[in-house]
Amino acid sequence: MGTAVVEPGIESRVHYLNASYGIKSWLLTTDHKRIALLYLASITFFFFVGGSAAVLMRLNLISPQGALLEPATYNKLFSMHGIIMVFLFMIPSIPAVLGNFLVPLMIGARDLAFPRLNLLSWYVFVVGGCFTLYAVIAGGVDTGWTFYTPLSTTYSNTNVISAALGVFIAGFSSILTGLNFVVTIHKMRAPGLTWFRLPLFLWAIYATSIIQILGTPVLAITLTLVALERVFHVGVFDPAVGGDPILFQHLFWFYSHPAVYIMILPSMGVVSELVTAFSKKRIFGYKFIAFSSVAIAAISFLVWGHHMFVSGQSVYAGIVFSALSFAVAIPSAIKVFNWTATLYKGSVSYQAPMLYALGFIGLFTMGGLTGLFLATLAVDAHVHGTYFVVAHFHYIMVGGAVMGYMGGLHFWWPKITGRMYPDGWARLAAAIIFIGFNLTFFPQYMLGYLGMPRRYAVYAPEFQVLNVMSSAGASILGVGYLIPLVYMVWSMRYGPVAGPNPWGAKGLEWQTPSPPPTENFEETPKVTEEAYAYGTEETQVA
Amino acid sequence: MWQGFPIRPDQASTIARGVDHLYYFLTAVDLFFTALIFLTIFYLAIKYRRRSEETKATQVEGNLPLEVIWTIIPLGICAVTFLWGSSLFIRNSRPPEASTEIFVVGKQWMWKLQHPEGPMEINELHVPVRRPIKLTMTSEDVIHNFYVPAFRVQKDVVPGMYTSIWFEATSTGRYHFFCNQYCGTNHAVMGGYVIVMSPDDYEQWLSGGIRGESMASAGAKLYEQLACITCHGTGKGPPFVNLFGSQVKLSDGTTVTADEAYIRESILYPSAKIVAGYQPIMPTYKGQVTEEQILQLLAYIKSLGSGGASQPGKPSSYPPKLEGGAEGGGNQTVGGQQSPATVPVPKGP
Amino acid sequence: MWVFLATEVMFFGGLFTAYILYRNFYLSAFETGSRLLNVKIGAANTAVLLCSSLTMALGVRAAQLGKKKLLITFLVLTLLLGLTFIGVKLGLEWRHDYLEGFAPGVHWTFHGTDSRHLELFFCFYFFLTGIHALHMVIGAGILTVLIIMAGRGRFSPQRYNPVEVSGLYWHFVDIVWIFLYPLLYLIGGRY
Amino acid sequence: MVGHVVHKRLYILVFAALIGLTALTTGVAFIDLGKWNTLAALAIAVCKASLVVLFFMHLRWSSGLMRMVLLAAFVWFAILVALTLSDEFTRQWTPVPSSWQGQVQQQAR
C-alpha cells in the first residue's frame, strides 16, 4: 500500500483530472467536477482558518481570567470563527463540493444546467471570501456572526462593512448554486429516473436549494441595510429615528435559521446514501425520508422566532414560534428512526464512511433532542444565550453536518480521485473526532445550564472545571481533523487504485469509471430500477 | 447537588423550581431516546454485521404502522412539552400586581440600578427576600441582556424600548448576574451580584449609607428644573395627574395608553403624538435628559396617580378636568410601595 | 429565470416587510412624507416604464417571429425609455429631494413635526428607489448587450432565449415599480 | 423552440389597460376614502402586476412549474410579513394573567 504503483488503468485513460493541464485549465473550467475540487480547496482553507480561531478561543478559556487574549481580540476571534465557519465553510461544504460533483453524476447528466454560471458562482464565492479575509486582516470584526444592531450599525469600530459585504457576496454564490441545482434536477434527469427513483441525497440537495433561493436574498437585503446605515449614519434599525433593532433580528433569523438546514439537510442526504451502501440494503421508508426533507425545508422558515424568545419579542409571537419549532422536530425524528431501521437485517460493514454515518446519527440525535429544551419557552428563558445553545448548535453543525460531510468525502473520495485512502487511519480519525467532539461539547451543555453566557472572554471561576474539560476535548478534536488532511493528500498520489465501484454501491455515479471522464458517461444511462436496489442483482461493474 | 460539581445553579427564586422540573423531564426524555437510538444502533450493527463477503442482506422496504407510530409518539411528547413550557412561560412572564419596581439602565459596559426609594447602585442589586421585584429595563446604547441564572430569568435590554422581568427571591445570598447579549469589547465583565437580604437587613441597608433622594422626588425636581412646569402646570400642556395608565385621546382621533413607552416618547419626541386639544409647542428633550432622568420623570408622573389603577376595570378618561386631580399626589403608590417622599403637586399660578 | 425572480421577490420582500411595519407604526409621518413627493413626476415615470414594458414585450415577439430590424428597434426603444426613467428618477427627483433637504444622514434640513419619523420614510424612499434604480441600470446593461447581439444576428426564431429571459427580468423590475409607486407616492392621499 | 406568439393587438390592449389603471390609481388618491385609499391603491397595483405577469411575461401560456415557482415566492413573502408582524403588533399585549382579571381590564380599555 505504501509504495507508489502506477496502475495502467488510471494513468492511461483520459479522465477529467488529466484531460488538460495547467492553472488556466482549472481556473477557466466549466466542468462541474473540477469546480467541485476548486470549492473543496477553498473551503478546506477556510475550515482550517476558522478552526484555528476556535483553538485559540478554547486555549484562552482554560483560565477564568482569560489565559492569553485581550477581550477585544477574543471577540474578534469568535466573530471570525462564526462568520467563516457558517458562511464560508458550512453553507458551501456539502452543496458546493459534493453536490457539484455528484448531482450530474447521480442523474446521469453531462454537467449542470448552467456550467458557466457554476464557475461564476465559485468566483463570486472567492470574492466574498476575500472581502471577509480583508476584514480579518485589516483588524477584525467584533460583532459576532449575527451582526446585531445597533452594535453593528453604530457602536462597533471594526470592519463591519467589508465583513457584511463578504457575507453578502458569498450569499449570491449560494443563490446561484441553488438555482443551478434546482434547474438541473428538474430538467436533466436521465430517461427513466423519476422523482421517486432519485437518490435521497438529491432530495436533500433539492430541499436545500429551495432554502438557498428563498432565504438568502432576505439576508442580503438585511446586511445591505446594515452597511447603508453605517455609511449614512441613519437607517431603518436605528432607535434614534424610531427604528426597531428587533426588526433586524427578525430579518436576520428569517434566513439564518433556515441556513442551519442548508447545513444539515445535505448531510442527512449523505447519511441516507452511506447507511444503505454499507448495510447493502434498501432504505427503510424511502418516501418518508424524501418528504421529511421537503417538510424540514418548508417548516424551517416558520420557526425563526425561537432565537428571540427573550429579545423583547411579544409573548404571543413566542408561543406561536415555539409551537412551530416543535413541529420541525417530527420530520427529523422520522429520519433518525428510518436510518436506524435500515440497519435491521442488513449486512453491515464498518469502513470509515459508515463510522462517520453512525456518528452522525448519534450526535444528531443528541443535538436534535437538546433542541427541544430551546424550543420550550420556559426553559429557553433560562438557557437562551448560554453555552447550552453553543453546545446544541455545535452538535447539529459539527456533530451533524461536518460528520456527514466527512463521511461523504470519504465515501466518494475514490470516485473523485480514483484512489483509496488508508482505511485504518480513516477509522482511527473518525473515532478520535467522535471522542474529541463529545469531550469538547458535552461539558458545554452543563456549563449552559449552570448559566455561563456565551461570547465571554473571561468568566466566573465557578465555571472553570467544565471549561478545562472542554478545552482538553478541543485539542483532541483538532488532532482528529488534521489526520484526514494528511492521509487524503497522501492518497491523491500514493493511494491504491480504487476501481469504478469499490464499495459495491448502487447509484449511477458508480457505473462510470473513477475518476469519471470529462463527459461523465460514455452514453446517457437509462434507469430501470429504484434507488438503492440492493439485493436485486449483483452490482454491475463497468 | 454535588459539591464542587454542580449540575444546576442555585434555586433562588420562585420560578427556579418549576423551570428545573421541566428541565429534568426533558433530560429524561432526552436520555431515553438517546439511549434507545444508541442501543438499537449497537444491537443492529453487531447482530447484522457482515460476517463474510457473502453475507446477503434481507431486503425490508418499510413498514407503514411503524412509521405512523414513530411519528405519533414524538408528536405527543412535543405537544406535552410545548403546553407545559408555554404555560410556565406565561406565568413567569407576568409580574404580580404588588411588585416593587426597580429601574435598570444598561450601557457599555455597566449596569445602573435604581431603587424607587432613592439609592442607585452600579453592578450590584440589593433586594429583600420573598418580595416580588419587577425590573423595568432600557439601554443607552446597544442591546444588553439582564440574566440571573439562579433566578432562571433573563431578558434583552433594548435601546428605545422598555422590557421587564420579575422575580421573587426565595433565599438570601449573593447571586451572579450577567449581561447575556453580546454588547462589544467588555461584554464578559458586564455583570455583578444580586444580593438577597432578609427584610430587616434590607431596611437597614436602605436607611444606612449613601441615601439618595427617591426617584419620584428627583423627578419632581427635574419637573421644575427643566421647566416642564411652565406648560404642564398651567394648562398650556396636558397635566400629569392621574395620567399614568389612562387612555389618552390624540389629535388624530386615536387613543393610546399612557404607559412608560408613550411617556418616554413624548419627552424625547413630543411631536410624535399630540394630545387632543393641545398645540404641538413642546420642544424635544432629546439629548438634554439621560435615560435615568427619564425614569425619574416617569416615577414622578406615576406618583401623581395612575388613571388605570384608580378605578380598576373602568379607566378614567384623559385629559381629566384640571380642578379634579389636584389631590392626586402625595401618598400615591409607586409600583405598590409607599412612596417615602411627599411630592408637591404643582399648581398653576 | 423564474427561479431567479423568486429570489428577487424575497430580496425586495425583506424591504417591503420593514416598510409595512414602520408605515403602521408611524402612519402620519409616512403620509406626510408621501405628500412631499412629486406625484406628477411619479405618474409620468410610471407611464414611461409601462411603455418600456410594452416595447420589450413587442421586442420578444419580434424575436419569436425572426424580425431582426423590428427586434433592434424595440430593444433600442426599451433602452431609451429605461434611461429616461433613470434620468428622471436620479437627475430630477433625487436632486430635488436632496436640495430640499430630504436626504437622511447626508443633507437633512427638515425640522417640523415628527421630523425623525419622516427621516425614516425618506430612508425607505431612497433605499427602495435606489435599489430599484440599480436593477434598472443592470437591465440597461443587459439590453445593450442584447442590441449588440441582435445586430450581429445572433437570434432566430429557434434561438431567442436570452431575449425572452431578459424580457422577464425587465418586466419584473416594472412590477416592482408598480408597487413602489402607490406605496411611496400615493399612500398619503392627495386630497 | 418558438413559444406562444401573442398577437400585437393584445399587447396594445394590455398596455392601454395598464395606463388606464395608473391614471385611476393616481386619481383615486385625490379622493378621500379613509382607510380604503390604501386598499384601493394596493388592489390596483395587484391588478397591474397580474396583467404584466400574465400577458407580458407569458405566464398565461407557461407550464404549471413556473406558476408554482411564482406561488412559492409569494407564499414565502407572506410568511415573512405575517410572522414578523405577529410579533411587532402584539408586543404591547400583556401576557394572559393567572387570575384572568387583568384580561377583563385589558378588554375594557
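As written, the chains take the letters A, B, C and D, and residue 1 is the first residue of each chain.
The criterion applied here is as follows: contacts are C-beta pairs under 8 Å (C-beta built on N, C-alpha and C of every residue); 3 or more make two chains touch, one makes a residue touch a chain.
Since this is a predicted model, take the numbers as computed values, not measurements.
*Asks:* Taking CA centroids for every chain, report which one is farthest away from chain C.
*Replies:* B
*Asks:* Comparing the two chain pairs, does A-D have more C-beta contacts than A-C, or is it the other way round?
*Replies:* When the contacts at A-C and A-D are counted, A-C has more.
*Asks:* Taking all protein C-alpha atoms shown, work out their mean, then name the chain whose own C-alpha mean is nearest to it.
*Replies:* The most central chain here turns out to be A.
*Asks:* Go ahead and note the Å separation of the Cα centroids belonging to chain B and chain D.
*Replies:* Each chain reduced to its C-alpha mean, chain B and chain D end up 38 Å apart.
*Asks:* For chain B and chain C, let me know how many angstrom lie between their CA-based centres, rounded off.
*Replies:* Here the centre of chain C sits 45 Å away from the centre of chain B.
*Asks:* Please output the residue numbers of chain C that touch at least 2 other chains, ranges allowed.
*Replies:* Correct list: 3, 6, 10, 13-14, 17, 21, 25-26, 116-117.
*Asks:* Listing for chain B: what residues touch at least two other chains?
*Replies:* Residue numbers touching two or more other chains: 90, 93, 269, 272.
*Asks:* Which residues of chain A are in contact with two or more other chains?
*Replies:* Correct list: 214, 218, 240, 242-244, 246-247, 250-251, 254, 312, 315.
*Asks:* Please give the residue numbers of chain C that touch chain D in the complex, ascending.
*Replies:* Where chain C meets chain D, its residues are 2-3, 5-6, 9-10, 13-14, 16-17, 20-21, 24-25, 39, 43, 46-47, 50-51, 53-54, 56-58, 61, 64-65, 157-159, 161, 164, 167-168, 171-172, 174-175, 178-179, 181-183, 185-187, 189-191.
*Asks:* Of all residues in chain A, which touch chain C in the complex?
*Replies:* Residues 175, 179, 182-183, 213-218, 220-222, 224-225, 228, 231-236, 240-244, 247, 250-251, 254 of chain A touch chain C in their complex.
*Asks:* Touching residues of chain A toward chain D in the complex: what are they?
*Replies:* Per the stated touch rule, the residues are 186, 210, 214, 218, 244, 246-247, 250-251, 254, 301-302, 304-305, 308, 312-317, 320-321.
*Asks:* Which positions of chain C touch chain A when the two form their complex?
*Replies:* 3-4, 6-8, 10-15, 17-18, 21-22, 25-26, 104-106, 108, 116-117, 119-120, 123-124, 127, 131
*Asks:* Could you pull out which chain A residues touch chain B in their complex?
*Replies:* Of all residues in chain A, those touching chain B are 71-72, 74-75, 142-144, 146, 148, 150-151, 154-156, 239-240, 242-246, 279-282, 284-288, 310-312, 315, 318-319, 322-323, 326-327, 329-330, 333-334, 336-338, 340-341, 343-350, 358, 361-362, 365-366, 369-370, 372-373, 375-382, 384-386, 446, 449-451, 453-460, 462, 465, 534-535.
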